[in-house]
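Letters are used for the chains, namely A, B, C and D, taken in the order the chains are written, and counting of residues starts over at 1 for each.
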Amino acid sequence: MVRGGRVLLDSGDLVAADVGIQGGRIVALGVDLVDEADEVVDARGRFVLPGAVDPHVHFGNTMPFADEMALDTGSALLGGVTTIGCFLRSTVPYSPELGALVAAVRERSQVDVFFHLQVFGQEQIDDLETCAREFGIDSFKFYLSGIPGIVGSVDEATLLAGMREARRISSSAVVAVHCENAALIAAARSGEARSDDEPALVAWERRHPALAEVVAIETAAALAQTAGVRLYVVHISSADGMAHVRELQRRGVDVVGETTSIYLAEQSDSPNGLLVKQAPPIRDAANRRALWQGVRDGTVSTIGTDNTARSLSSKNPDGGLDGSKPGLPMLGAHVAAVLHTGVHEQGLPLAEVWHRLSRGPAEVFGLYPRKGSTNLGADADLVLVDLDEHRVVDPAQLGSFADFSPLQGRTLRGWPTTTIKGGMVVAADGVLTGRARGAYLRRELSREGR
Amino acid sequence: MVRGGRVLLDSGDLVAADVGIQGGRIVALGVDLVDEADEVVDARGRFVLPGAVDPHVHFGNTMPFADEMALDTGSALLGGVTTIGCFLRSTVPYSPELGALVAAVRERSQVDVFFHLQVFGQEQIDDLETCAREFGIDSFKFYLSGIPGIVGSVDEATLLAGMREARRISSSAVVAVHCENAALIAAARSGEARSDDEPALVAWERRHPALAEVVAIETAAALAQTAGVRLYVVHISSADGMAHVRELQRRGVDVVGETTSIYLAEQSDSPNGLLVKQAPPIRDAANRRALWQGVRDGTVSTIGTDNTARSLSSKNPDGGLDGSKPGLPMLGAHVAAVLHTGVHEQGLPLAEVWHRLSRGPAEVFGLYPRKGSTNLGADADLVLVDLDEHRVVDPAQLGSFADFSPLQGRTLRGWPTTTIKGGMVVAADGVLTGRARGAYLRRELSREGR
Amino acid sequence: MVRGGRVLLDSGDLVAADVGIQGGRIVALGVDLVDEADEVVDARGRFVLPGAVDPHVHFGNTMPFADEMALDTGSALLGGVTTIGCFLRSTVPYSPELGALVAAVRERSQVDVFFHLQVFGQEQIDDLETCAREFGIDSFKFYLSGIPGIVGSVDEATLLAGMREARRISSSAVVAVHCENAALIAAARSGEARSDDEPALVAWERRHPALAEVVAIETAAALAQTAGVRLYVVHISSADGMAHVRELQRRGVDVVGETTSIYLAEQSDSPNGLLVKQAPPIRDAANRRALWQGVRDGTVSTIGTDNTARSLSSKNPDGGLDGSKPGLPMLGAHVAAVLHTGVHEQGLPLAEVWHRLSRGPAEVFGLYPRKGSTNLGADADLVLVDLDEHRVVDPAQLGSFADFSPLQGRTLRGWPTTTIKGGMVVAADGVLTGRARGAYLRRELSREGR
Amino acid sequence: MVRGGRVLLDSGDLVAADVGIQGGRIVALGVDLVDEADEVVDARGRFVLPGAVDPHVHFGNTMPFADEMALDTGSALLGGVTTIGCFLRSTVPYSPELGALVAAVRERSQVDVFFHLQVFGQEQIDDLETCAREFGIDSFKFYLSGIPGIVGSVDEATLLAGMREARRISSSAVVAVHCENAALIAAARSGEARSDDEPALVAWERRHPALAEVVAIETAAALAQTAGVRLYVVHISSADGMAHVRELQRRGVDVVGETTSIYLAEQSDSPNGLLVKQAPPIRDAANRRALWQGVRDGTVSTIGTDNTARSLSSKNPDGGLDGSKPGLPMLGAHVAAVLHTGVHEQGLPLAEVWHRLSRGPAEVFGLYPRKGSTNLGADADLVLVDLDEHRVVDPAQLGSFADFSPLQGRTLRGWPTTTIKGGMVVAADGVLTGRARGAYLRRELSREGR
């Protein structure tokens, strides 16, 4: 039982209440509930929130997938994240490998996990139905522009074929697209020389112009409309991109917007320089403001991390614009970064901000009301938050194998203090308190019309 | 404690749960809550809903206000209504009388009551601030067209003056307007002769053309916009009226739409004939469909009764179009009429329908989340509903002094089976089970900008 | 032949050209047309425009209709107006008198004339069809608020009955409505006392609040929609009124907007004080700006005079707010007032401004392309305009029996220098050059759907 | 002088009038103009229209540019086309060659000509300013998808660079884009096998899916918005493409729509089979209807030919889907095809249809009111049309070197009977009546903001 906190109900209300838990599920909500519980968590002075659901995680970048998952899901728990959506990356069909990956989740993950499959070719597309049926996966991701040396891309025809197959497999399928236009980025890269005193992040921003995002969003949206599938625009990074997603939604196109915590919290004038290098790039203050506007008005349904952890030596920030690598660890600071900027800086209601961190992603990916909820019957994944705790971001305290953070040195206000998963306290006061066992989350396919 | 039902949470979800009650308030929601309660209500097979809030009741029509209130709030409880908004009617300032009326509520009402003041002149307008401050009243009603021999009306200038004063008193004030244009009705009344075989209700409908409603809605809306006050259009009765309210909302005008249970449940081809005479009139099938469309798309926020009980002899249905009286008792059949038509006939989700019966009115009149809610902390006013119970409407079972019902003889599906007020069972299986005590509900004035 | 000017073509272009005339009609447009004409008008340095069509004139206010028409249509010609729409006023059926009135036009008017019938009761409505058939009249006018002591009004039911009859008579009928709400004006009149130093026109403005216009516009529009007839809102005077007409048009309601030259040219801070008293009133600068915005964006289709001439002694400006009379002579200064403010002050293109003065009214009232046009075949009613002539408004030069002008003493830039009617020069350099003969203009009724 | 016809005035009116001509220009319009003319053309029973302006012509496909121009501008004159916009094609900078091309126009063209430059790379972009300044060219064209073996394409970055340069050169620049997405077409080409009995045109239609057009339109529009330049979408071929252009216009994006006469007149069930092969393809009946809808509602401003003449042997219709070539001669049948389908089949007013054939293109490319006009001062390029003439399309009568027509064998109703260029009759009754001399049309650049 969690006693004495202010609980975020699914109605959006924050009420003083106790939460009763049994068999890993929430079974009671009440004022001064009768206490028969084995264990009581004192939540006085805390907000009691459904665990964060991070829909956008990459593991296996610089070490084996299962090993990184085993390590960094601990960082997730410390950071208040209890469920993650992992993007798998392969260039061959996934179904032969999925059994082993599901087993790895069950054996080694500390949070619950669902999979998105990243798709690069027709052979993989032909295999999606098997993956969907056998492993309950109906979200897929395509890159309209790859990341040179890291990840490939597909052309419009392959994306269309993938979208059509996704829709055929499940009427509730979600097709995520990394929206950048390759030609515009290539041209921007080869463009005019950078002045000596220009900050590296600003130069990087110019290499990934917002227009590249816009063109790709419009392309993906036209294809998705033809295929009749829901489009999920990952990591919207620019004001223009946000405006186009908003306009598409207004026209009734089924597009869901995601942005990420690092875009919402950082700008290209960050003192951490290339530690914050990411693709698409962190942009300037006006773009950051526009992303928050997208959160505020509902254009954005989910906030993810795009967590792509690496060690400082692999990040190589001293390598300059070309030698340094994109990708950064965010699971441990995700919640704090969003609370600090969303609630304290932007003045949004906690309930609104948290919706994008938890219930929003759960709904989009078919996990609600099991996840993202404090309703009776929901999984007892809860985070206790102290909205006034000030803490300096210190990579050593974030629990990742990554020995840096893009936010390191910043004082953030608003941190998780206790994380409960399946009814058990798994992290408290910055320490993992017991080995949590993650579950693999199958999703239901839908055969009906939408 | 209410055990084993399907509870309508404020999130809109219907979940299997028990409801714990203490001190007249809801203190727990849970699956198999530990039982320390003195009293357990068995809700298996029932929906457990927040008590209906009827925003539109007239007492004192044919007997003294307090006497009618004492009698017919029992009918309300049998019908699942636990809170009512009473329209007071006088042509002199209200403040001298309000103390006595509040006392009457406390002594004699069986449900909780809040007041709306019906305003007919400047002297009353000058007194509104006193009423608001001393008695927590910030909703007022004006008639743009009266009902001959029953109630007077105001001209546009008086309505504007009243709206301005309401807004000055409280930025959250609500100005209800009976929207009919007097000249159009007078002309319709004196219009061409009625054919012998035309049903009386159809002739009555012609005497109150929809255009009269439309013109008055537009007039009231223009005045309300100028005054900066919220307009509450009572008892929308026609497709055209609904369309105009919808368009005003679309343009951002602050207009709230109300319709009534009898408009939603009956048509001018009713076999009950002049028993269903009402002003504005019950209209034909196409209008009824349009009213449900307004419920469906959110143009309508509240469903009231416009309860105006009278005895059959006072109703005088044999008096013909001119000899019979408008006004009818609806508290006892209100919930059943809306469930029957809304859920079973129209196929709307129970949660959507109930919102208009309970939380909607509570929000509009500043009573939520005390009323209209099953959240922790809400008043423990609950109704248990059997959505499949079929019952023939029988005036003798509805608990009113009125010895007829406009729906008499119809079989309705979906009835309240138990009513709980302040944590006590006050009605069960069609019988009042104990003398409930109603509270007078003061409302907070708001001095801030909107 | 008119030679050497810049001709306003129906395409909206202004081109250097000669205009050939034969039999009272335009028969040629050309550069250096071969000259066989009896008479050549030198238009070098002038714009050659279709004669102004003033849709809104009242004669017979202080002297007999035919006498005033005989006199003041000379003022019209001097002012560049060659066709007028006259509002007839009676409280009994018109058809018995129309023959005589048509004859009066033919004998005594100096401009072409069409009639609108002002309607005050059912007996007149019953007579409209006869008037329409026999005299080709399908425009009618109703007052929702009268002018105390001068003109009566109708209620909404009578207006609706009139609109329905108009629509039945002719699918192209136009129903003009004087839009003010009587109750709001009455209340404003009886409102708080006027401070001593408040200018009389400002006090007068407060007595006719814009809201009165708005409420009446919405009322008239709802009725017109029901009747399926075109609504013509005369003399829009306020920013709010304009906004409501614009919104109605946007929603597809068939509403045509008129404003008048005096509203476009004057403000309530005029040094001429009560000489500019009019109902609705001349308003402040912000309202005047909004009226021009309505011209600019097309909300306004026509600019009229609302000419209601009277002598200075009848106007009685020294009589104060209550003793002075509304109504003012405008025919002589109409064109100059609009050119001065529209072209020179507001910077609108001449073609746009002139459209509202000539082709706009001709189209609305079924006279185009006979009037309002320089197309081949149009009546040869032409005005030569010197857009740079500066002249002080002097009642003595305006040709009216009225011995004042609301604009007297103002220097206006842009005056008609020559007026041609039916191919004959009838006014030049401020002098009538020959007795022009006016025609009575019958209009076609339309029986088809719209 | 052209006497006795019905002249299309710039106002949109069709009036009985004579047209006086002097010095190659229109100098008079009149009824029974005095006749001093050397030559009188009898236009009784004919419509007299400004010569068609075809904005979209390709010369030099299978023979040298100047040779083809010399031949086929005769076909244009027979067909009623007096001005054409020629797309030049080269892969190197144009400025060195433009002098010779302009000279070729002056020496060998029979119609007036303006140039659009087709751009394929940065070197050409760098040369555009020289072309613009020296030769008055500010319209350019880019292919987002080429035509394999015929014409190349550019990527999004090059298109953006070209658009920015165009905008920099002239604020009134027009950037035309061939909108198809290469990947979607390539995929469609390699798609499932064609059944034996499927008509060749239907199979060809499947190879160029409408979605390819849609994606490219959205891409081009996003780029054009960023560059701030006007986008001209050439040859819209599909219902979906039209819908997207309409929506972009509605959102205020500066996009002009073009379609072509062959798309408006033919369908993929044509008995002429691969003679009608074109890229984008001729589509089915539903698409053709949607294109006419785009004409009707103004989404389409111009109708061109996309004339790309070739001999029957070069067309090679027996070569099957892969062996036959796209491209077809249309100048001679252009006007007849549009009149037949637009006026007689679709029931559009002649003035509306002709606007898209003449004034529309003239306005878009800065040639109005010199071209596309019958206003005084316009070039005396006129076409006399017999709207009721029925004629079977016969390649031998169309005046082209091409020995086939995509419409051959069809009976069209509505043909030009006489063509006048610069005041001289150059074609009459299907025969060229004198060697017309074409002018080269420079256009003004605009340096101002738009």
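Basically, a residue touches a chain if its C-beta (ideal position, glycine included) is under 8 Å from a C-beta of that chain, and two chains touch if they have at least 3 such contacts.
Per UniProt, the chains are A, B, C, D = Dihydropyrimidinase.
Because the structure is predicted, anything quoted here is derived from the model rather than measured.
Between chain B (Dihydropyrimidinase) and chain D (Dihydropyrimidinase), the least number of touch steps comes to 2. The centroid of the Cα atoms in chain B (Dihydropyrimidinase) and the matching centroid in chain C (Dihydropyrimidinase) are 51 Å apart.
Computed centre separation for the pair chain A (Dihydropyrimidinase)/chain B (Dihydropyrimidinase) is 46 angstrom, with centres defined by C-alpha atoms.
Contact between chains, using the touch rule, shows up for A-B, A-D, B-C, C-D.
Put simply, chain C (Dihydropyrimidinase) touches chain D (Dihydropyrimidinase) in their complex at residues 9-13, 15-17, 20, 22, 27-34, 36, 369, 375-377.
Chain A (Dihydropyrimidinase) contributes residues 155-158, 160-161, 181, 183-184, 186-188, 211, 214-215, 218-219, 221-223, 226, 244, 247, 251 to its touches with chain D (Dihydropyrimidinase) in the complex.
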